[in-house]
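Below, subunit A partners subunit B and then partners subunit C, in two separate complexes.
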Partner chain A sequence: MSVFLPLLTSGIALGSVYAAIALGFVLVFKSSGILNFAQGDFVMIAIYLAILCFVTLRLPAVIAILFVFAAMGALGLLVHYLVAKPLIGKPFFSLVLATIGVGLILHAVVIGFFGVYEQRPLALFTPGVFHIGDAAISYSDVTIVIITFAVVGAFAAIFRWSSIGLRMRAVAENLEAAVIVGIDTDRVFAITWIVGLIVSAIGGILYANFTSSIDLSISDIGLAAIPAAIIGGMTSIPGAVIGGLLLGLIEQIASGYLGAQWRDLFSFGSLFIVLMIRPQGLFGRAEIVRV
Partner chain B sequence: MSEATRVWMAGVRKRTVPALILALVAIGFPFVVSSGILQWTTFPMSGLFTAVNLALTACVGAAAFNLLVGYAGQLSMAHAAMLMVGTMAAGWMSSRWGLNFFAIVPLVGVTGAIIGAIVALPALRLRGMYLLLATLAFHYIMATIYRWFLPTFFGFVGIVFPPPEIKWGGIAIVLDSDQSWYWVLLVFAVLSLWIMARYVGTFEGRALAAIDARDKGAALLGVNVARSKLIVFTVSSAFVAMSGAVSGYFLGARVEDSFPVSVVLDYAVMIVVGGFSSLTGGVIGAFFFYVTPLVIEWLMRTLPGLSSIALLKHHINEIDLGLFGFLIVIILVRRPDGLAGLLRAGRVS
Partner chain C sequence: MTSLIEYVRLPTAIALIALLTNATFAADSGGLKSAPESGITDTAIKIGWMGDESGPAASIELPDIHGLQAYADFVNSKGGILGRQIQIVDLDDKSRPDNATVNFRRLVNDEHVLAIADMAGSQISTPLGPAIVAAKMPVIFPQQTTDAQLQTPYIFNLTAHYADQADVIVATLARMIGGADKLNLMVVRLSVPSGDEFDAYAQRSVKAQGGHYASAVTVGYTQEDYAPTVVQIKQAMASGANAIAFHGTIRNALGLFNALSKAGVSVPIAGIQSLAAPDIFKNGPADILAKFEAVQSALPPSANVPGAKDMQTYIQSHPQYANEGGEPYFSQGWLSGWVLMDALQRVATQNGGTVSRDSVYQALSSKFDTGGLTCPLDFTGPMHYTPCVTAMVWDGKGLVSKAGFAADSATLQRKYGLK
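Moving on to the complex of A and B:
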């Protein structure tokens, strides 16, 4: 138990991070059909902004968080109007490759402003561990899980009960029908990008507390979260959360018992198996028409 | 003369003049550069030589990538994975079997073809986004194998490739300089591109265009879709693996983190900027990718207005990256056929 329980909690913590990042990924995909390969770079920008606000400028926590969210929202608007909107109706691989271009630009911006060296850690949560039996569990892991569940719960509530949530679901459900009933789809797409990037930013900031070093390679988390989105089913929001948790558990337990070098084999191996057996994922719909 | 050959010959006649000019440039390039006539431009010539050599190896990979993405419409991210296959196979054949470079490259091609065919079998079932994600998974799985393979069989220094030797009668040339490599790489690139161009001109090649347009329609036209996809995966993988082996030899060594996922993105830059509707696009893209950073650096140094801006000088590396990013987005939004399309448009008008 002294090995398994910490792996379990850190697996759930990492899984929560994946859940938030996969949620941002799925939100954008569901509404615009864009497979966002720049997700990791968006997450990286959010993390670097958070370091700037929290560690370098020492802003009060509320202001710092609001600033990061506002910046990510603005970025979402920019991407929507400059890249995503002009590409509506283009072939699928144009959409994917364009996000690769966006990712390169973001990468260049981060290097330009922050340099290529390792950043100071973003330790926002109480350090230390507590014990259950002989197993040591870190406070920060527990905090990450609690925050993620609060955030996911809040977004689920927005989707379920708010007007914009209803409109977003309508657009994702059936674009033509949504247009016919008078929904301003362009506005919904723009808001989806904003919301998607803010959710990803939350995942990124939590991940910056989970991982030990922060440098440019942190953008790999964007691709690493893709199996979560697929396992859950690309079109399902609860699926993204459950897929994220599963992926985090698989990765932590595999690397805990076998060694970290086999982590990708298990995460992307499960992606491959899901694609072969059940391409729509655990919770997705059988046919994704938009592709 | 078969139909395919006739089509190809007609194409050759139409392109004789540009081809001759290109051949002259290719043959004259090393002499002009090493003669020092262009010294006054202060252009970094030794850097240019390396960049051109890298582009010559990469253009084979990029053109092979374009066979899959551009012609067949199969968006794959298994590119870096096949480079790893080529590197591992070449390292094994060189150190364990003691084979010669010139025997290894075709053998690596065969290895790449076999692995490509094995990968294609499950991948054939998937389309569009699912194929993309499955090949991304293949990339990570192959990267895990590569990171296990290198320290297990080659130690922590990675795979070291000895410089190949050409022995002809009494003369022995060791390929250890950019100049000597240039000719070998040029022959490799021209041969590979020629074979791929022939492949595109055959029935098989044109079947790919039909599959790209609509695979059910292609099946109705009598194209065996599964077979054509299998062949294009095999051919593309073979050339990418060979390009991996050749670049391994050219660079001298490959280490554990030689193939991050960003390598796939580099090739995506090449084919988008060059244009993904033709083999030429891959070639133009590869040269653009490797030569542009040098040109930018040179412009920054020599143009009086730019060289005084300190901000630009500090951010020289990010400028390349950002520029490629901007180009990708602008090209995809405005001109989906890339630089090769621009050339074609110029020729038509």
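Moving on to the complex of A and C:
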């Protein structure tokens, strides 16, 4: 128990971070069909903006968060109109390469404005730990889990019951039919990018409180969130959450019992097993195509 | 009609003017003849630098190029050296061997630099070894010392070899524990080949010094959470391990130290050279840092030694470097320029101003006194390496050596037959 409980609690916290970031990835894919390989770089931008607002400018928390959300929303709008919209109808890999290019640009922007040196992590949540047996659990980790579930619940509700969520689902289901019934698909795609990047910002701010230091390699978190989304199912919002939590638990338990050198083997091995058995992911829908 | 005498006088006058101009020029050039293929033009001495300026190791390597650029600027502001300005040609490889290969060729074939400073990363210096020898290009002070580098004659090494770092780390932990016989060593290391190497050297060293080896724990290069590592460390400590030799990055150190502090685990830790970083001492948890030391081969600019005075003067008047006063790698960059220019001046005076890359290489293969910034350097041997490392702590302003280079490195130098 003294070994398993700390790994369980840290796995849930890490998995929550993965879930929040994977959610942004799934939102964009579900609505627009774009595999956004710049997801990690968007998270990185959000984190550096948060550092600018909270640490450098010392803005009040509410204003800082609203500024980060507004900036990421504006960035999402830019990405839609300058990158995604011109490539609608183009081959799939053109879109993928375009997102990779966007990621490289974002990387260069961060170097230009913030430099390459490590930054301190954010410390926005309550410090300190409490103990359950031998396991020390931080209040910050608990806060991360609560916020993640709140965000997921909010967006699941928006998708399910709001008119914009209905339109986003319609566009994701059948683009031509959505156009025929009069849905402004351009506006839906733009809103998808805005919402997807705001969700990425939330994931980034959570991650900035979780990690030990912040530098350019923080964008690698995107590479961890993509397997989480694929495991859960690229078209399922609850799947992104379950996939993230599973991935976090697998990584922490494998690392704790076997060593960190086994972490990637277990996490990507799980991905391969899921893809072999259920290619659409644990909660995704299999796509039936009429030939 | 022009007379014959005038026909003779004019060419003679022209020749005399040319001779005088040459003589004047030679005097203005500090007695150094131009050798553009060896990086010495009429106006500049070109030094190359290869390293990571925007990639994963940039935060460690940028202080090095800043130190070299600062040295060049410092010298140039005083009129340059041997009648010329020092020109630094720095190329970013983002820690990638493919970029580094292109950059090396560019420095050799296009820029014709006199020598190359840094060349960080064993994944870069090792495969470039044959090319370095073929080009006869001196390479000054890469940020690592590997067996392959010690076998490459044109590389001049300052950074302590992992085996020597391990010796001093083990000795440091033995001091912190109260004796080598009480030491039961756990190694925390990256899951990379140099981590395996360090683990092997640490095992050998602790047994040679009379202690015990407990186990090794691995950390990942991009590991986000260190709870699993803490779990493994606690298990090892439950089995008797009482000290940690740490091989990792700054990011690993901050993550692990925060996780140890959160878990209430207190254990003496000694780290490798890249962990002697001000960022760790400024941002890490105080309870863990109270028992943490890291080894280094050069003192930072803030050190109270004669060799640091010029750096301190320069940094004071250049606020863009204010944050690097505590960075040992800034000193290393500065020293790479200083040693190279010292060698150049020696050969220029000895050879009547005729210098080539080869003669500079011969001049580098000698002894240098760095004014206490590192050990007195002795590159007369075949390996071009002076084992020099000391354990450092933070005094609030910068990294300082507790015992000093002489004490910490004495055993190493005896091991290499240098004392």
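Quick note on the criterion: the second predicted complex is superposed on the first by the 287 of 291 C-alpha atoms of A that agree within 3 Å, B and C clash if a C-alpha of one lies under 4 Å from a C-alpha of the other, contacts with A are read in each partner's own complex, and residues count from 1 in each chain.
In this section, a contact is a pair of C-beta atoms (placed from the backbone, for glycine too) under 8 Å apart; a residue touches a chain by one contact, two chains touch by 3 or more.
The shown structure was predicted, so the numbers you read here are calculated from the model rather than taken from an experiment.
Colleague: Looking at the overlay on subunit A, is there a clash between subunit B and subunit C, or do the two fit?
Modeller: Clash - subunit B and subunit C, as placed by superposing on subunit A, overlap.
Colleague: Just subunit B (first), just subunit C (second), both, or neither: which does A:G165 touch?
Modeller: In the superposed model, A:G165 contacts neither subunit B nor subunit C.
Colleague: For A:L97, using the defined touch cut-off, is the partner it touches subunit B, subunit C, both, or neither? Pick first, second, both or neither.
Modeller: first
Colleague: Just subunit B (first), just subunit C (second), both, or neither: which does A:Q261 touch?
Modeller: So A:Q261 meets both subunit B and subunit C here.
Colleague: Once chain A of both complexes is superposed, is A:I111 in touch with subunit B (first), subunit C (second), both, or neither?
Modeller: Both subunit B and subunit C are touched by A:I111.
Colleague: Pick one for A:D220: touches subunit B only (first), subunit C only (second), both, or neither.
Modeller: In the superposed model, A:D220 contacts both subunit B and subunit C.
Colleague: Figure out whether A:T211 sits in contact with subunit B (first) or subunit C (second), or with both, or with neither.
Modeller: The second partner, subunit C, only.
Colleague: In the overlay, answer first, second, both or neither for which of subunit B and subunit C A:I230 touches.
Modeller: first
Colleague: Is A:P238 touching anything from subunit B or subunit C once the two structures are fitted on A? First, second, both or neither.
Modeller: In the superposition, A:P238 touches no partner, neither subunit B nor subunit C.
Colleague: With chain A superposed, which of the segments 21-29, 147-155 or 201-209 in subunit B collides sterically with subunit C?
Modeller: Here subunit B runs into subunit C along 147-155, and the other listed stretches stay clear.
Colleague: Considering only the contact definition stated at the top, list the common interface residues of subunit A for subunit B and subunit C.
Modeller: Subunit A residues touching both partners: 111, 220, 261, 264.
Colleague: Give every residue of subunit B touching subunit A within the complex, in rising order.
Modeller: Touching subunit A from subunit B are residues 69, 73, 75, 122, 125-130, 132-134, 136-141, 143-144, 147-148, 261, 265, 268-269, 272, 315, 317-319, 321-322, 324-329, 332-333, 336.
Colleague: Residues of subunit A touching subunit B in their complex?
Modeller: 35, 37, 82-83, 86-87, 90, 92-94, 96-98, 100-109, 111-112, 220, 223, 226-227, 230, 234, 261-262, 264-265, 267-269, 271-272, 275-276, 279, 288, 291
Colleague: Over in the complex, which subunit A residues touch subunit C? Could you list them?
Modeller: 2-3, 6-7, 9-10, 13-14, 17, 111, 116-118, 120, 129, 136, 138, 207, 210-213, 215-217, 220-221, 224, 252-253, 255-256, 259-261, 263-264
Colleague: Could you list, by residue number, the parts of subunit C that touch subunit A in their complex?
Modeller: Going by the criterion above, the answer is residues 53-56, 58-59, 62, 191, 217-220, 222-232, 234-235, 250-251, 254-259, 262-264, 279, 283.
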